[in-house]
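There's a structure below that I have some questions on.
Which chain is which? They are A, B, C and D, in the order written, and residues in each are numbered from 1.
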Amino acid sequence: MGNYRFKLEFEVRDYECDLSGIVNNAVYQNYLEHTRHAFLKSRGIDFAELEKRGITLVVIRIEMDFLFPLKSGDKFFVGLNPERVSRLRFGFQQDIYRLPDEKPILAAKVIGTALNERGRPRLPEQLMEQIASGLGMDGRKNI
Amino acid sequence: MGNYRFKLEFEVRDYECDLSGIVNNAVYQNYLEHTRHAFLKSRGIDFAELEKRGITLVVIRIEMDFLFPLKSGDKFFVGLNPERVSRLRFGFQQDIYRLPDEKPILAAKVIGTALNERGRPRLPEQLMEQIASGLGMDGRKNI
Amino acid sequence: MGNYRFKLEFEVRDYECDLSGIVNNAVYQNYLEHTRHAFLKSRGIDFAELEKRGITLVVIRIEMDFLFPLKSGDKFFVGLNPERVSRLRFGFQQDIYRLPDEKPILAAKVIGTALNERGRPRLPEQLMEQIASGLGMDGRKNI
Amino acid sequence: MGNYRFKLEFEVRDYECDLSGIVNNAVYQNYLEHTRHAFLKSRGIDFAELEKRGITLVVIRIEMDFLFPLKSGDKFFVGLNPERVSRLRFGFQQDIYRLPDEKPILAAKVIGTALNERGRPRLPEQLMEQIASGLGMDGRKNI
């Protein structure tokens, strides 16, 4: 289990489980998205304010390895590490571990960019700094 | 099985089923909403155009009787009848029947109103006419 | 704001909001279900054990009044009071209030019953006691 | 736009759209799963019968490139091509195109395997044949 800049704890809700009695694969994307938004909020990134400046953050690629399923009632956390991928792209390593035994559940890599009003990639250096800088641990729920 | 002004056919998708192997209760509301929106579209009601005029349609009450569960792979339809409830409120009787045997699955009553920019109820008579008028059968998929 | 036997706190997640920028109506049913399951768990009601005894708990009716919408980032709680409806039916009053201002968001009434292996209503008196008894405050997260 | 062994048509439902007015990223996984299940059904693969033989099909990896967003009311299809990845792994190329203009929306690669009762990979050759064989076009809705 690695070190994460940001961690968020969750508990599986029964309606997130499907026929096979485990969390449906698509629901992990909900967990990942909610964690990214909480992380960005913790970095002071305000979507509404960005929109006013004509900048929209979008996900352009997701890779997920499903290692072990979560079940009804399981507790878990999502760990997140941001990284700079290129001048126009940022990335998030996002991993899920069951609690309290820290069994690895999912390993994901998410790539994003920012678009201007005309839908063209445009990522101001200052915004990249806010997202992917190496500045210490500041998660809302650092475990 | 009654007569409906509008009908829309669906098929259960596996991700809509929960632990108990049947469609999760909340998903029926998705089916009902999609049917209402398709009905309103069929009546020429354009949300974007309404918003420009400062009118938002909202649901204020839902009653649902769960009669029999839908399962993976089931086909079904939602039947809808609009009605005028009061000067400011319109209603939809929305019932679900399994196909092809027409077994009753759910009976719902949905009450809505329209709000102006300040969040106050305001339902122009012409809009009520469009929603709840008795003008014939015009569903997108009348069975 | 009433007195509740059980309360559970939540925070709106962005993926629960829809086009109109507010929590989608169907998502409130998710909140209500998760709260009921947490309440039943707190009363020592074990679905798996019930299933072995051939008993399935089911919802047969829901009524919801939508009073005010929740938005992205809102915190809120669901308050729950169980009640005995008839010999074969139990009920839950479930209300949602925004936090910290306790603005009323939704008022719901949910009716359930228990089915035996042949799908016939059967609710042992002891189970009704567990669900709807007047025994004090025992919520997992009583506020 | 490639050639696909299997195609399934969909229409975006409003509750699938999020705050930003476009289909939420997680919902694409719902579309992909439903298409895979429909494809497997079209190949005569019966999950219940497999379970009885002690075989469970699971997804172990998903890669998705988000090319362009779908909006409320958009029609689209998911194209699927199965492939043999290794002795124990099968894969699906799954791409989404908007209709009628066939604009590319999403390109995905999904890797799966089969597990026996003890959770160990076990993929009978005959099952692999059913999933990934090159036998002609047999989709339920070949466009």
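Basically, a residue touches a chain if its C-beta (ideal position, glycine included) is under 8 Å from a C-beta of that chain, and two chains touch if they have at least 3 such contacts.
A quick note: this is a predicted structure, and the numbers were derived from the prediction, not measured.
Annotation: the B-D interface is duplicated by A-C among the options A-C, A-B or A-D, judged by over half of the residue-numbered contact pairs being identical. With respect to subunit B, maximal separation of chain centres occurs for A (centres as means of Cα atoms).
Centres computed as Cα averages put subunit A at a distance of 30 Å from subunit C. For the pair subunit B and subunit C, the distance between mean C-alpha positions equals 24 Å.
Spacing of subunit C relative to subunit D, judged by their CA centroids, is 35 angstrom.
Residue positions 14-15, 24, 26, 30, 33 of subunit A are each in touch with at least two other chains. Against subunit B, in their complex, subunit A makes its touches with residues 14-15, 17-19, 21, 24, 26, 72. Every residue of subunit D that touches subunit B in the complex is listed here, in rising order: 13-15, 30, 33-34, 37, 41, 73. The touching residues of subunit B, counted against subunit C in their complex, run 20, 24-27, 29-30, 33, 56, 58-66.
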